[in-house]
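Step one of this worksheet: look at the structure below.
Chain nomenclature is as follows: A, B, C, D and E, assigned in order of appearance, with residue numbering initiated at 1 for each chain independently.
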Amino acid sequence: MMTEAKATIVTENDWEPRIVAYCCNWCSYAGADLAGTSRIQYPPNARILRVNCTGRIKPEFILAALDMGADGVLVSGCHPGDCHYTSGNLKARARWALMEQVIEQAGVNPKRVRLQWASASEAQIFADGVRALVEQVKELGPIVREWK
Amino acid sequence: MTQSMDYVETPKKYVSDNALVIGGGVAGMQAALDIANQGYKVYLVEKTPSIGGRMAAIDKTFPTLDCSACILTPKLSEVARHPNIELLTYSEVEKATGHEGNFTIKIRRKARYVHEDKCSGCGECAQVCPVEVPAEFEEKIGFRKAIYLPFPQATPAVYTIDMDTCINCKRCAKTCTRGAIDYEMKDKVVQLNVGAIVVATGYKLFDVSVYPRLGYGRYQNVINAMEYERLINAAGPTHGHLIRISDGKTPKDIGFIQCVGARDVNKGVPYCSRVCCMYGVKNAVMAREHDPEAKVTIYYADIRAFGKGFEEFYEMAKTRFGVNFVKGRVGEVVEDSETKDLIIEVEDINTAQLEEVRHDLLVICPGLQPPDGLETIAKVLKLEQSEDGYLDIEDTFSAPVTTTIPGVFTCGCADGPKDIPDSVTAGSAAAMRATIILSKAGAK
Amino acid sequence: MDMLLYRGCTAPVRLPAYEAATIAVLEKLGVNLIEFKDTNCCGAQYVESLSRNAFAAMSGRILALAEKEGLDILAICGACSGSLKINKYHLDNDPTLRDEVNSLLADEGLKYTGKVRVRHLLQVLHEDIGIDAVERAVVRPYDGIRMAAHYGCHVTRPYEIVQVDDPENPTILDRLVEAVGGVAVDYAGKTRCCGGPMLAMDEGIASAIGRQKIQNIAEARADGLVTACVFCDIQLTQVQFGEGAIDKRIPVITIPQFLGPALGIDEDVLGLELNKITPSDIMASLQEGRQ
Amino acid sequence: MSEVETPRIGVFVCHCGHNIAGVVDVDKVAEVAEDMPYVVFSTHEMFMCADSGQELIRQKIKEHNLNRVVVASCSPRMHEPTFRRVVEEADLNRYLFEQVNLREHVSWCHMRQPVEATEKAIDLVRMSVARAAKLEALPIKKVEVTPRTLVVGSGIAGLTAALDIADRGFEVVIVEKDKVLGGAVAKWTHLFPSDQIGEQVIEPLIDRIMRHEKIEVVRDSKVVNFEGYIGNFEVTIQNNPTGAERTYKVGTVIVATGFEPFRPIGYYGYGESPDVVTLAELQEMPRQYELFKPSDGKPVKKIAFIGCVGSREPGTKGHEHCSRHCCSAVAKAASDLRQRCDEVLVLYQDIRTYGRGHEEMHRLARGRNVIYSKFPPDQKPQVTIRKGKVRLNWFDVLSEDHLQFEPDLLVLASAMVPPSDIEETANLFSLTRSADGFFNPEHIKLAPLTTHTAGIMIAGAAQAAKNAHESAIDASGAAAKAVGLMARGKVEIESTVAQVIPELCSTCYTCVSACPYGAISIDKDAKPQAARVTEAKCHGCGTCAGGCPSSAIVMLHSTDDQILAMVEAYLCTPQEVTGGNA
Amino acid sequence: MTNEIHTPSSEFAREVASVPGGEAINKCIQCGICTASCMVARASEKYRPRKIIQKILIGKRDEVLRSDQPWFCMTCRMCEENCQEGVSPAEIFHAVRFIAAREGHIPNVFRNTLDTVLTDGWLLKDAYSDFIEDERDDLGLEVDLRFNDGFVKRVRERYFSPDMREAEV
């Protein structure tokens, strides 16, 4: 899985974080839609990938993204208890702790990944989450410097 | 079929299981779809050349700011393509006889001068047409040709010649490779047999020029909300650029005036029109979205943000979009003859201060009224109307979509002002009650 | 057509030219005004505010007098026409009030039964004579003089009672101006009050209101202002004098004084020289004979 | 891949009028897309969803022999069904369509950054093109619809929906958790705008329900288990007192679970004096000429109402919404009671008597000398209770006076909030909820009665605060949706289910325990043993695949391959081609 | 704004409603269009017709009757024309003035003018000078105005107290 990062290393000044965002279809993707319809403005650094449920997100998806050069990864789903599929997000949450450890062992600062809950009506929370991660990652700098 | 005692049927009473829906706005479309989805044939009669109604002309919808045409378009094509729906656009109901389960309807199919089956909607004809007239769909701010498609997503995508303005130059006919144009076309009257009827005739906007104090029709930069919708619409006459009619400048300080042609006992509209507050707030939000530097103020009596998500939207308009809300009805609008700015007088009720405020654009948000044709339709179908002109319903709770004639149902704004979701819901409800009658025909 | 001219308290003393011009113009247009003797004040504002019965009695007597003469009343003052019409309305619709007033009138052998009409000058010009007839009677049209019209609140409001023009968008004066060759000028706050009724309570407020009106008319670049009410005429003239007045005064002229010259009536008869702000520029716009 | 063919991808970029093209350089997006792998055609168009746009797609599929279509426009939550249908009309399997969200996720949320927005748009298109290349056609599955509807709740919405469906000839099972039917309306005495009391409205409905042969009423019971999918749900209902369970097969469900009147503990002395009641409690007081004080039974001569109690409180979750019915209900109750009392006061923020006949109710109340007084939103009335007497102090915005009143009865127009067990109901039926706590409709404008779970409808106050009239209309509307499905007999279902690759399965049971629907079991008869998915039970969430340590589960239409292809397309494309960073 | 705490009551509103002209008081929904249409309000900060009506509606009888506010209305009826609920503040203020007058709260200017009218039969007897007589003569108008001053005495007798300190409605 761990392919070599093909991303071109860029100079400090131009650098803008590249964020992969996995969103569940029912809450966070809809929340991101609402952020759009509500014209909430947030940094354009994230690329949203739609999955049915956060439970679908394999830890590999996150690791692979970091491996391929993502400076941060966002996972956003329904609030615990509100999952469209009853409990998929609880599984995602359960896997998260383990995942953070794996990342750390791989030499990546776990602050580069963020798990958040944003419902379909919480456009602002979604947008704030993206903004928070972008700012966090900006502090940490480009990922190429730390990936072992 | 087993039925309780209430439903002892006289033989032959329920003859037809076809339905007639009058009005192709969003409520009528929904009613038609919900009847058609149960397998019954529906005739959807619309008097203008296209279905879509008012919603097609609106820019965005509240409270989600969804783009109206975007969410409506799939419905338009769903209706047009439904095997059980027969569209009779540019048509009007002329006569009706019979009773629940067995109505005979005469419909006048106005001559389009273009054969629906031959026209591909390519638009070559309009390109060569030399006649330009103010477009109804654009609230007469934009123009159309004498042969025209009312709007890009018009359904059916068939052109119509407006014979009142056509100069008979025949260029369109020469251009049309499919031979779809026929100047000799005559109105046709068709007869239908239906078991149930749904009236979804919609509304008209109150004509605010009857309030001379507000200057509409007298001052160029006083416009009504529908004109505003077209001005901010990307597909509209200005390609979505909000401008002042007087000088084409971008307005920097816009006022929205609520409760005009609504809640007014002196103008025959004592009722609240339900939608104006929210479309006003929505339009104010859009003004800020178009130009975040613009100052935007709403003058209101009560902000009636009562529906799902409305209060939250109102709150958002205040806090996030920075729309300024002033509680107080506007007493007078005066134009600065030099700048064509408008000066309004209003008492801010919250402070008891009388304020004179200058705006460079004023948008009047008119209330709704029964449409002009409703009286005719009510007469044809023998339906009762209330004093305010809307259709009477049989009972508030047990028969909220049933008119005073059994077998004839109402939805959308035909029986009172409604917003889109309430119109759609009523459309489905009317469909439900109609199909109960249609299903009896199946019982033979 | 014969009518009784109710001149009221103020016109004969403060604006006799209006009275004279009305008589002359209407005569020209076929309406014969008859001297209305032994009248009293209609009770406007002061009595009106203090006692409804007293107000009804004062106007009621005038109505009863006219009824006795068998003629309709012409009122040239907005306040008087308003009072008479409002009281006629109440007396016609409230039998108790009518009995009350009639009991007081009985001493003089008068009785009001509702048979009399009250007409404001604008109604007579518009309905009884007709604007077309006025236009036909013109012998010296104005050459596009720009005139702003001030109608007077009590002339047009409340419509349900006074039945003159469209209170929100009145046009009779404007149409009369146009009929004699003038240009009717629209201006901000056309239907607003002149401020006159405020004089008693607070002169400062009254003047402020009147001056605002004059300023709006000036901004619309009008050459003059036509009125149809004694009080409005006086007030809108008065505010152009004294402290806080604008530099260039706008001539104020009553509608019959404006129509008169165009109809070929001698300026002396119309009392134009009595106008406090001379309407000479307006008169200068008169063209030579039409035919 | 089921069919091995070289992808031939068409990319269609939508302007959405000005909505996208006003920010994103659509020209450039379409141009860059042309050079992406497997793309054979790329263009941009004013409205892709319009007839002309749709025709363009169909035409280009034929013309260029496209076997994958990427439309870059709005949210797929809006138009995916539209475009899937379009490609199907051109004989392309619907699962070979991929949509890019350039509007909600790009142009509308980066309005002031056109350069960055365009770069993001290009990235998103690139990602979707990469995914499109890996898409597979899936079979279109149709299932029968059981001609029976489950109606949950027997308020005016539930009763009306049940009757409509039954009158139309379909069977209904109506389940009510209470012992009696009728919900809130049955108990209320001041309905509006027509002058009826709840009993008069509800009794005839119950009467017909009880006599209707197509309707089975299950009272004092609740749904304890719910599984299946559209057309084929299996619902287990448990009797409250006996615990006995019964299972029903139904094709459709209408959730009409209504609302609860908010109990405003801590507001305006509620709970401190029996003479402070909610509007709902007032509604339930016996209807007789004289009204008596709950505290001492003496006649009520002075009443005050306070509006917006627990409603319109920005920042307080679940109470931000307007409860819609209260203003008119207060006007109705106030005008009714005014004739029996000396003084009636209404303290309000805004008067929202919005419906036809409602403003008239407001006028009637005022006409009967009900005093309306507006209080500032940030300075709510103060209630003190001393020696059993309720005293109100507030500031009247309209007169700018400080006012005081000692009502015999203080009525709080408290919010309509979701029932306390709504979370349970939401979980049971996989329904999502909006900020107001009520259920989310499929689309707030055009699909207010259906939900994101196919086959499940919502009606009445289950969706949002509503009055009885509106709930009744909702009910008929929801009934139409249910009947529509049942009358058709068959419906299409999503093919996006999980599949196990038996050779890779280690039977670790991770998936079995992960599946929220019990759709996965270990097939002990197979050799070697392996997990097996019961497709009918699978909802397609992919939690199994997310947890499978051996990558033995394939989530159709959401395969690992497809997802990682997108990630790779984004991150591993040389920067000079993307034209810069993010 | 006063700091005194008032207990709202509908009594005064009902009293006003019982006086001719005051009937529509309860129709007011406090939208403010009257104030926004009022020329006096524009010229004077202290005059807010809407607010006076609310004070009547909440029963601030003394404050309203003792104040000069109801007397500021010019009865130009612009508010009445614009009101969407069919309220005429002008009429309401007349009704209030009647009540105030009955209780002796009459502004001096009203009282004095009334006195003149009810003595002379008309308003401007004192101002009618020889000079004006000449003017009228020149214009060919009747010089003897012949106002009746007898009737007003009976009006005074029947409807007003002798010292004009109060008026009977």
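Keep this in mind: contacts are C-beta pairs under 8 Å (C-beta built on N, C-alpha and C of every residue); 3 or more make two chains touch, one makes a residue touch a chain.
Since the structure is predicted, the reported quantities are computational estimates derived from the model, not experimental observations.
*Asks:* Could you name all chains that are in contact with chain C and with chain E at the same time?
*Replies:* B
*Asks:* Just grab the chain with the largest centre-to-centre distance to chain D, centres being mean Cα coordinates.
*Replies:* Here the answer is chain C, farthest from chain D.
*Asks:* Any idea which chain sits dead centre by C-alpha averages?
*Replies:* If we average C-alpha coordinates per chain, B lands closest to the whole-structure average.
*Asks:* Which chain has its C-alpha centre farthest away from the C-alpha centre of chain E?
*Replies:* A
*Asks:* Provide the C-alpha centroid distance between chain A and chain B, rounded to the nearest whole angstrom.
*Replies:* 43
*Asks:* Between chain B and chain D, what's the gap in Å when you average each chain's C-alpha atoms?
*Replies:* Centre separation, chain B to chain D: 26 Å.
*Asks:* Express in whole angstrom the distance between the two chain centres, defined as the mean CA positions of chain A and chain E.
*Replies:* 73
*Asks:* When the centre of a chain is set as the mean of its C-alpha atoms, what distance in Å lies between chain A and chain C?
*Replies:* Here the centre of chain C sits 79 Å away from the centre of chain A.
*Asks:* What are the residues of chain C that contact at least two other chains?
*Replies:* 168, 191
*Asks:* Give the residues of chain B touching no fewer than two other chains, as numbers and ranges.
*Replies:* Chain B, residues with two or more chain partners: 64, 66, 213, 263, 289, 332, 349, 352.
*Asks:* Mark out which residues of chain D touch at least two other chains, giving numbers and ranges.
*Replies:* As it turns out, chain D has residues touching two or more other chains at 111, 351, 363, 374, 398, 400, 434-435.
*Asks:* Which pairs of chains touch one another in this structure?
*Replies:* Inter-chain contacts occur between A-B, A-D, B-C, B-D, B-E, C-E, D-E.
*Asks:* Can you tell me which positions in chain B touch chain A when the two form their complex?
*Replies:* It is residues 64-66, 289, 316, 320-321 of chain B that touch chain A.
*Asks:* Please give the residue numbers of chain E that touch chain D in the complex, ascending.
*Replies:* Touching chain D: residues 1-10, 13-14, 26-30, 50-51, 54-55, 57-60, 85 of chain E.
*Asks:* Which positions of chain D touch chain A when the two form their complex?
*Replies:* 75-77, 101, 103-113, 116-117, 119-120, 123-124, 127, 423, 426-427, 430, 432-435, 440, 452-453, 496, 514, 516-517, 539-543, 545-547, 555, 558, 560, 563-564, 566-568, 570-572, 574-576, 580-582
*Asks:* Looking at the complex, which residues from chain C come into contact with chain E?
*Replies:* Those in contact with chain E are residues 7, 9-10, 12-14, 16-17, 19-20, 23, 35, 37-41, 43, 45-54, 57-58, 61, 90, 94, 104, 107-108, 153-154, 157-159, 167-168, 191-193, 195-198, 200-202, 204-205, 208-209, 212, 269, 271, 274.
*Asks:* Along chain D, where are the residues that touch chain E in the complex?
*Replies:* 343, 345, 351, 362-363, 366-374, 393, 396, 398-406
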